[in-house]
Amino acid sequence: MASVELRNIKKRFGDVEIIHNLDLRVEPGEFTVFVGPSGCGKSTLLRMIAGLEEITAGDMKIDGQLMNDVAAASRGIAMVFQSYALYPHMNVFKNMAFALETARFPKAEIEQRVRRAAQILQIEHLLQRKPKQLSGGQRQRVAIGRAIVRNPRIFLFDEPLSNLDAELRVQMRVEIAKLHRDLGTTMIYVTHDQVEAMTMADKIVVLRAGRIEQVGTPLALYNEPANQFVAGFIGNPKMNLLKAELADAGPGRALVNVAGKPIDVPRQLVEQHRGAVTFGIRPEHMELGGAGLTLGPARVQVVEQLGGETLIYAELADGQPLTLQMQGQKRVLPGETVEASFDPAQCHLFLPEGRSLC
Amino acid sequence: MASVELRNIKKRFGDVEIIHNLDLRVEPGEFTVFVGPSGCGKSTLLRMIAGLEEITAGDMKIDGQLMNDVAAASRGIAMVFQSYALYPHMNVFKNMAFALETARFPKAEIEQRVRRAAQILQIEHLLQRKPKQLSGGQRQRVAIGRAIVRNPRIFLFDEPLSNLDAELRVQMRVEIAKLHRDLGTTMIYVTHDQVEAMTMADKIVVLRAGRIEQVGTPLALYNEPANQFVAGFIGNPKMNLLKAELADAGPGRALVNVAGKPIDVPRQLVEQHRGAVTFGIRPEHMELGGAGLTLGPARVQVVEQLGGETLIYAELADGQPLTLQMQGQKRVLPGETVEASFDPAQCHLFLPEGRSLC
Amino acid sequence: QAETKLRMYWWGSKERADRTFAANKLYTDKNKNVSIEGETLGWNDYWTKLATQVSGRNAPDLIQMDYRYIFEYARRGALLNFDPYMGKVLQIEDFGKEATDAGRVDNKLFGVNLGMNSMVTLVNRSVLDQLGFKAPTTETTWAQFAEMAAEITKKANRPGFFGVSDASGYEPEFEAFCRQRGKALYTADGKLAFTAEDAGAWFDMWDKMRQAKACVPPDVQALYKNSIDTSPVTLGKSAIDFAHSNQLVGFQALNKEKVGIAPLPNAGAGGKPGQYLKPSMLWSVSAQSKNPEEAVKIVNFFVASPEGAAAIGLERGVPASAKIRAALLPELDALGKETVDYISLMSKHVGALPPPPPKGAGEIESVLRRVSEEIAFGKVKIAEGAKKLVAEADDILSRG
Amino acid sequence: MARKVLGHDAGAYLFLAPWLIGIFVLTVGPALGSLYLSFTRFDLITEPRFVGLANYTRIFTNDAKFLAAMKVTFTYVLLAVPLKLIFALSVAIVLNKGLRGLTVYRALFYLPSLLGGSVAIAVLWRKIFAKDGLFNDVLSTFGIDGVSWIGDPDYALYTLVVLSIWQFGSPMIIFLAGLRQIPQDLYEAASLDGASKRRQFWKITLPLLTPIIFFNAIIQTIEAFKAFTPAFIISEGTGGPVNSTLFYTLYLFQEAFSYFRMGYASALAWILLVIIACFTAVSFISARYWVHYEE
Amino acid sequence: MKSDAAAHVPGTPRRGAFGSLATHAVLIGVSLVMVYPLLWMIASSLKPDSEIFNSASIFPAHPNLSAYARGWYGLKVSFGKFFTNSAVIAVLAVIGNVMSCSLAAYAFARLRFRGRNFWFAIMLGTLMLPYHVTLIPQYVLFLNLGWVDTFLPLVVPKFLAADAFFIFLMVQFFRGIPRELDEAAIMDGCGPWRIYWKIMLPLAVPALATAAVFSFIWTWDDFFAPLIYLNDMESYTFQVGLRTFVDSSGQSDWSGLFAMSVVGLVPIFVMFIFFQRLLIDGIATTGMKR
């Protein structure tokens, strides 16, 4: 178990600064998930923690020890690379055994650990294959296997399940969670999968363009996004964000005009503000018909049937898009008009610069 | 617009047969999605269609023309590789322009098309970078860009969005769908993302270990899986599959014992059978409390809070696992006992060998 | 175990190696405390390695020397002066002054003559016989020679076959030509002893022969690399070439037809002798040798003891010692006999040994060759070329 | 980054240790020795005598042979290097196609390089390019009346250029090894982009082979500047006919070992080194613009 | 080698029978030009000396193998001994070069250290100085070490990476190996030594094979260094042995020379065939996303 502390971390590639003065503490044994848009710096951050990328400025500590100049090999970190980076000349077994051999584990134990990992990853029948004889998902599993055979201080996973099918992904998720439980190792995990992030994380770190937007437990991020970006990024489909006017606010309530409708939001604003705001409501918090407030009739543009649920992409009277997520297979056709209701307690308000107002 | 026809296709790597006598027809202009577990042969199939992999046996026709021996370069196919295969020595612009330059498009048009694609893919600011200076998701987008600048007869996408964040993924999905609508090009798309498969496909092909399990529209697969494998594979979280006894069956109804509970399933069996069957019910079709039938009390093992929904992993009285998907954030704790109800019309029954019974 | 180890170094053929090793064995059998390690190489590599070893102060004790190089090494102090050993360990009085002095540089003896040698006109006897020509004699003048060569070309009437090689770049023949005119290549004090006029006459003579198709064209001659295998005679391009008498055996080995040797042409009436007898090769001892006396003894064994001489035979040339020569004569084969006869014949027609050439003589030889080619290929005029030769030679000599 | 892998430079120097020892023990001493000698008069046997810049002065002001050697060498470098590389690359490309009998061809094509500068090659080369040689026989079937290629000062050097091209085996093998390192999936991508074999060659193979092309170009240039053995083919090291094959190192060798002027030869060597170093430096600078490295 | 079938790029049509026939025709034509000298050498070894230089025909009038026996036992020491000497030196050279040069190359290609560019320039510089001028100082050096007339001057420099050619060659190939593999190995706890040994070397097999082939062949073919440093005939190498056949000033055994030249080609040719099998498909870049 090891803590990771980043203080004032910067990363520059040539002239371009990719990570800007980032501060973060990962507690010992914590499962931390990094999420953020493509290219925001997640992999770079992991690589800096691993010691593969020089830290342009700032301090990186593991267990309180300054690590900036410690060799990657001696940091005691295992990592699953986004690009797998399998050793092309070694078969799957050798790929997974390599770290153990490096650490001079006894043969029998190597054998046992690798077989165990292979079993978990369902690649036992592939142990003799070379990487080029594997499918994408199989390669990815070998890459995971290479990390999990070890007992490092810290695990770094860079989108480790992105090429697996849903079923396998669930299984792997469970296995990684179990590994975390069993070993108690500190884990940092990059993913684009909301379900993974929500279910695995003790703490989610939302990154955007090299800055941390919010750190918190999954539900905290879902329920109380610190800003519009986090609100939009956490939750799938994305929260509806509508232009609105904050007309009035009192203790525990605020009056906003959205798409020409006045809506009374029963929430306490954190600061005084009048005028333009962004009004947010999640697609899954709206229902067709129902008793709550409505934003008025919306014209259906596109309907997506996912089997267990139906997504309706509609347009409000003032032209703003609105997404609705319905349970089951709803028979709604494009061109129809629907009216969806919601519980105003589930709304969010954001300042024009993005900060959450409540 | 071009049709693709595979007849009796086999693929062998050395001694291992990967694809077994596969037959498939993709209609001109159709959007076909391949899904299947990791390593089932999806990429191999794409590569055979593209002409990158020799066809061991069988015929591959495009627009009725035998293609087995036609060079990849002259098949008029664009492909997004699972491994990207970006040209490392060319910058992003050049990577995307390469095919157009090859086809001797005028400079201005190349410029315009590449910029347009870069805009869609949100990589305009990266056009001068080399692939090694890109993040994983950025590379993947370049790989997509390389395909979509062209006007091929057929598009092949091999898990093109796997490394993108949710928001971008939705945008890209929309863009690809739009491309399909605008160009009407035949598209074959491999994905592990249920949402992508369900929303984009005209037709989903479910593969398993080199064989086709079922071909059909998304909702057909969801609602009427031909067998237990498809039932389990389509839909996320996975359908609950429970051991059961088929006690009796009459026209339009069947009586099964599941976990010691007799359940009357109002469905017409396709053939006569008694004894062991598998009983299937999707997690999203179960609700806590409610008026439907129940499988008796279940002990909660794990609860996953996804924000918009809650997954409950429980255990029935006879020890069989049961997953429940609930709307919103349910306050259920492991160790509690819950009882979930369901509409028996949404049940499925499968023969021991897997075939669907209704 | 032998206490005294000596290294012996020579170039040459397998035949020579066999004989030398045999002689060494004879010697060491008699002198149990001595061992001789023999090293043999081909001509070209020999000198590079020798230079390296001498420079590295690791020269072999016994060095087979060539007349062309002895001055270079002797003047630089690399060789042992034999004079102190003369008459004691080294008993070569019966060589005669000429043959002994051939190993002298600046009045000190640095090389012991291993065999007598002289320039020859090498002829393809079969061709000459066939065409009805006689090999040149001591009477033949350059003019007659040129005429005959032209005749041969005409008579043979084969494309690419000529009377004689183009020897305008051959230094020994040019030297003979100069001597016949009463000049020489170098004066005793190391200056040039011929003039541009002499050179001009020489080049002019050959140019005329070229015009008359008496000699091979320059592009053929250009391939001659100072070796038997590249001689126009060996390659079947000419009937006559120039060489040294000890090369007869080598020539015959590479020629299907019968070859023979004859004297060089002379300047005719009033001409001086051009040829002289020089050693085919010499034994020298390194100045760095730790056992100079033993080394000199071995030299003596090779040239003055009947056993040693018998072992090496005539392979290195006709022994200078009359005594030894007499002892060996009976075992001569036809070619050997021809050589010995030639040397005996020539002894009456040769002039005195020229003064030792100065440093830089080797380079001047290459200048002669180059200038002759420039003239032959028409790159410079004859007079100009002659002047160039003299000027460049002077420059080299002044550089030292 | 790698600094950190090792903690400090020491680790890297450990890898370099054998080479560094070699450099200091075997190379630096002799090299500096020869540099010193270049300022002396040294006849190999007697002690070197310091003469300052005299050797260099003479080379640059009063040495016709130096100029001749420079001309010969530069002509040779400028002709032989590009032609040989192009030839080696072309053959490597053809052989890389996975033809049947690949190994046999590869071995056969390497044969001339195995023979090196052996005596046999010398004899043969002279036979082939003589006036009545094989080459002219071939020409005459086309009705061309050839000259004595090897004996004529105007052509002799070109036959050596041909010889150099003919011995293209080493760069060919290195190209082949380099071709094997190019990832196959890029060809797959390119063929789907509609690129013909030819275009794949120009746009994928060639750019990705640039590190190897660069290597071969540098090495071949250095080798060509130092060409020595070929001179023995025609002239047994005299540089003839008429200095037309007087390669720089041959001249240097003559000065050193035939004329006992090691000091002068050393000066010649250092001038050559500077010339080659300039060429190489320019190549390295230009490499930034055309050589693609994976990292 | 599996190359024939496997190297066919799938999906590309196999070249028509005619196309490949044409390619083969050209290749065979070129091969003839390449092989001609060998044939000529063999033919010459079967001729008497007097026929070698002035006979127009390549075919011997009366082929006869005697030159082989004569050549083999022609010198005081038989060619068997020279053969062994050459083989020992060449094998040691291969080992030395591959080991020491790959070490240095790894440092240049992958490690960043102060003075790297400087040393790299020095390394290239050593390629540029003609060896003739360093010969004498080097000779003196080896003489003082007592190494002259042993194999040491021929072998030890190879273990000290004196052949910058191979360093440079390997640097170029090492640089083509994706750095991510190093990084993966670093994460697996490898230090630079293990990366070098377990990652770089296996992935650079084609380059190492090339270096090995060239080391062997060039060492085998080298005559200058053995000529200078070996005195005792017992220690002569094959090439030096060959050189003693030819003495341009006098009598030479030409057919013996050619016979032995042919024999001398056998080991290097075999070595070439053997090692070129290692010029297998580059494996360096599969197994990762790019």
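Just so it is clear, A, B, C, D and E label the chains in written order, and each chain counts residues from 1 on its own.
The rule is simple: contacts are C-beta pairs under 8 Å (C-beta built on N, C-alpha and C of every residue); 3 or more make two chains touch, one makes a residue touch a chain.
None of the values given here were measured: they were computed from a predicted structure.
Among the other chains, which touch chain C and chain E together?
Common neighbours, chain C/chain E: D.
Write down the pair of chains with the top C-beta contact pair count.
Greatest count of contact pairs is found between chains D-E.
Using mean Cα positions as chain centres, tell me which chain lies farthest from chain A.
C
Express in whole angstrom the distance between the two chain centres, defined as the mean CA positions of chain D and chain E.
Whole-Å distance between the two chain centres: 16.
Find the geometric centre of each of chain A and chain D from their Cα atoms only, then give the gap between the two centres in Å, rounded to an integer.
Result: the chain centres lie 58 Å from each other.
When the centre of a chain is set as the mean of its C-alpha atoms, what distance in Å lies between chain C and chain D?
The computed centroid separation for chain C versus chain D comes out at 37 Å.
Whole-Å distance, chain A centre to chain C centre, using C-alpha means?
Distance between chain centres, rounded to whole Å: 93 Å.
When you check chain E against every other chain, which residues touch at least two of them?
11-12, 52-53, 136, 178, 186, 191, 246, 248, 284-286, 288-290
Going through chain C residue by residue, note those that touch at least 2 other chains and give them in order.
Residues 44, 48, 55, 225-227, 229-230 of chain C each touch two or more of the other chains.
On chain A, where are the residues touching two or more other chains?
51-52, 71-73, 82-83, in rising order.
Which bits of chain E are touching chain C when the two form their complex?
Residues 49-54, 74-76, 135-136, 139-140, 143, 148, 223, 227-228, 231-233, 240, 243-254, 256.
Inside the complex, what are the residues of chain D that reach chain C?
Listed in rising order, the residues are 43-46, 123, 126, 130-132, 147-148, 150-153, 156, 234-238, 240-243, 254, 257-260, 262.
Considering only the defined contacts, which chain C positions touch chain D in the complex?
Residue positions touching the partner: 44, 47-48, 51, 54-55, 72-73, 76-78, 159-160, 217-223, 225-227, 229-230, 359-360, 362-363, 366, 369-370, 373-374, 377, 379.
Mind listing the chain B positions that touch chain A in their complex?
13, 35-39, 42-44, 82-83, 133-138, 140-141, 158-159, 162-170, 192-195, 198-199, 218-219, 222-223, 232-238, 282, 284-285, 304-309, 311, 325, 327-329
Within the complex, which stretch of chain C touches chain E?
7, 11-18, 21, 37-45, 48-49, 52-53, 55-58, 60, 225-230, 234-236, 246-247, 249-250, 253-256
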